[in-house]
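Data first, discussion second: the structure below is written as structure tokens.
For clarity, chains are labelled A, B and C in written order, and residue numbers in each chain start from 1.
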Amino acid sequence: MERAVIIGVGMTPVGEHWKTSLRDLAVEALLNAMDDANIDGVDSLYVGNMISGPFVEQENLGTLIADWAGLGHIPAVKVEAACASGGAAVQEGAKAVMSGLEDVVAVVGVEKMTDVWPSDATRYLAYAADAEWELFHGASFVALNALVMRHYMHTYGYTEEDLALFAVNAHINGAKNPYAMFKKPIKVETVLKSPYIADPVKLFDASPVCDGAAAVIITTPEKAKELGIPKEKWVEISGMGRAIDTINLANRKDLLRLKAAEVAAEKAYRMAGIAPEDVDLFEIHDAFTIMAALSLEAVGAAERGKGAELAKEGQIAIDGDCPIQTMGGLKARGHPVGATGVYQTVEAALQLRGEAPNQVPDAEVALTQNIGGTGSNITVTILRRV
Amino acid sequence: MRLAISQRKSDSTFLRVMPMRKLLRPIKDVGIVGYGAYVPMFRIKSAEIGRVWGINAFPIEEKAVNNLDEDALTIGIEAARNALKRAKIDPGLIRAIWFGSESKPYAVKPSATVIAEAIGATPHLDAADFEFACKAGTEALQAAIGFVGSGMAEYAMAIGADTAQGRPGDHLEFTAAAGGAAYIVGEKSSETLAYFEGSYSYVTDTPDFWRRQHEHYPRHGNRFTGEPAYFRHIINAAKGLMEELGLTVNDFDYAVFHQPNVKFPLTVAKILGIPVERVKPGLLSGVIGNTYSGATLVGVSAVLDIAKPGERILWVSFGSGAGSDAFSLVVQDAIEEKRDLAPKTWDYINRKKYIDYALYVKHRGKLLM
Amino acid sequence: MGKPMQVSRFWRHFKEKYRLIGTKCKKCGKIHFPPRQVCNECGSREMEEVQLSGRGKVISWTIVRNPPSGFEYYKPYPLALIELEEGPIILAQLTDVEPEEITFGMEVEMVTRKIREFNEDGIILYGYKFRPPVK
């Protein structure tokens, strides 16, 4: 098996891009990544996108974006795994390189969510839940996460205030990220005073509906050398794991356990040959504050029921033992759903290259974890400085 | 044959047939194997409706209002389930479900099939929706008596349920309410909790109240709905039935009359010479309003909840347009063990939550989005 | 409130939605709701239909204030995870209950109610909801 290294990263700012279409966002991020790697062509393209059909009436994104980016007659496909589409696309791209079948691969994650009415956005996102047994009954993703959050607080004795700390941390870090949607620090009171959208989830417990695109270029170390890319720019994809869980939250054996993340993380750690303690920073899927807590537990950064404890102890800050969401996470950077996993990858790569605005000192290993559905499809990727 | 040719006109082939007797009675004796009522939990006080329209005298105290997710059909489902609990029969043995309502969720598409599916009675049965203003429920019951009494079916279910419509600001708005009840009819046996001695229907073309296609609210003839419509039909039906059965008002322990308000049925009782205390147990309109097709069915259910074996119930509905169905029902021993198998009518009446006019309007689906 | 899909999509689940029919694995006995073709406990494909009692307890709940399109008229509405007495957990709306009355472990029973309508000319979808038991 070949090794896979990221040699170029690119992003658009996350936000409400009223003037920019899905294809233009994707092309911009892709060209930024190609410029970063200083290349002008790739062997194939993987597009991470969750739901362009309902959102912008466009499918066949592989073709659209490769065509519009002028990549010629290359193979190009869309990879879909709900909100984990971006993370899955990065892994598919890495697998293509590792298999030896493709030399230089581009991965772009893109989502354009602001071209529809808010209640329709809520509906379309819920397409990744169980259509017949969840959405049919009026469930939104916020609602499903709220069910988990209330259960978590009740089981482990946490308060809404405790979970709000994840949002506060995300905003502190996002404030320094020029690509973040929200660049304003908030207080716990800001979260607590924000309106309930599905009790106990408040507006500030949730990540925003937004637009954005991010891209990475992946190749083998040999090819990177051949292309003359300086080693400081290499970030190795050293571990990968992916797993599913029941699509329907109610069918979960343990509602407070992201089993898919546990399985994915275990695989990724094994492949990378490391343990959770070796990870210098975590970019986890804090679509809702509750998911930040559960994710930390699932990837081994905290014991079961102790995820929120890490926030209370201040360990999730940049200078803590377990820095998370170093560039704002989904909460402050924004959560353009199918693009999120690629943003996480780009941010982790920038940290490992030492180019992040909120630099974690001497970061060598980063972990990204991307959730699709209500914890139903999860990717864990481990990146390391070469 | 109960019909005889009484007259032959020599100048035409027209035959005039005249009933020798008015009573309706099937070949087999039939009774009720299970009954069940349902009244939604929301109430609006008349004073709250009056506040909005500047009216300060009311026909009733308060009325039942459906929840946002309820309609006549869902009311029918819960009533049917309660009836089934008391009947203790396999729903697959029910060979007809007839649903009487004037607020059917679909103008075209039976509600009865949804109810049949929901209680597990499909597919070997007949199902249909009946409409006759407020007497659609007893109309369904007459049909069920005939269906079972003829031997065509072992069991048949009749349901009357409504989420009645009153034009905002009209005096009917104070009374038009939501509720219903279901009755499963079977051949008279030790399993029947009451049996029918006979019934009688009295119908004329009297347009006292109507709703045209595509209209949201019914129109009514104001005071014309009283004497020539309600009183004439109910009193004639009641008298006709008693006459045919050779009974007098003194033979009945309870009387339940259609109850568009509290005053009308009490006036009927007075005219017929029935003491008020025999009417009160089945007179619920003061606390739940007029549940239209459900009205007497719900009233009788409250009587069955308390009646003793051997007691006799006079049951007379009224539907605008206009007609009345009258039944004489004798309570049997099975009532004692069956009445506790499902929630009683007063359990629903006592389960109440008051809403204001704003929520009432929302519950009635009247807000444009 | 949204254009309906072809009714067949909803119709094929009426039985389960109106009456709470699940499946029981003939091999390991696990009861599933919604019905499954393959047991997610033991992998067996031998299933039989099972009528669930409709009685259970609330294990978590939320109040949906920003619903998916199609449910706007009904907001706010409670949505809950209910552990049925036969074992399976089911997601359903609660009805006839105020948000502040809902508690952990609250007993509920199944009722069939309107889930949503599609405009004035569309079909009406009915299905299970849960409420505090009457009496």
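Here, a contact is a pair of C-beta atoms (placed from the backbone, for glycine too) under 8 Å apart; a residue touches a chain by one contact, two chains touch by 3 or more.
According to UniProt, the chain labels map to these proteins: A = Thiolase domain-containing protein; C = Zn-ribbon domain-containing OB-fold protein.
Here the structure is a predicted model, which means the values were calculated and not measured.
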Chain with Cα centroid nearest the overall Cα mean is chain C
Per Cα centroids, the chain farthest from subunit B
A
Express in whole angstrom the distance between the two chain centres, defined as the mean CA positions of subunit A and subunit B.
61
Between the Cα centroids of subunit A and subunit C the separation in whole angstrom comes to 31
In subunit C, which residues are in touch with two or more of the other chains?
72, 74, 93, 115
Which residue numbers or ranges of subunit B touch two or more of the other chains?
none
Shared-interface residues of subunit A (touching two or more other chains) are none
Listed in rising order, the residues of subunit C that touch subunit B in the complex are 1, 14-15, 18-19, 51, 72-74, 93, 95-96, 98, 111-115, 124, 126, 129, 134-135
Please output the residues of subunit C touching subunit A within their complex, sorted ascending.
13, 17, 32, 34, 40, 59-72, 74, 77, 79-81, 88-93, 99, 104, 115-116, 125, 127
Spell out the part of subunit A that touches subunit C in their complex, as residue ranges.
117-120, 122-123, 126, 132-140, 142-144, 146-148, 150-151, 154, 195-201, 246, 248-252, 255
Which residues of subunit B touch subunit C once you look at their complex with the stated criterion?
41, 67-71, 73-74, 77-78, 105-106, 114, 117-120, 343, 347-348, 351, 353, 362, 365, 367, 369
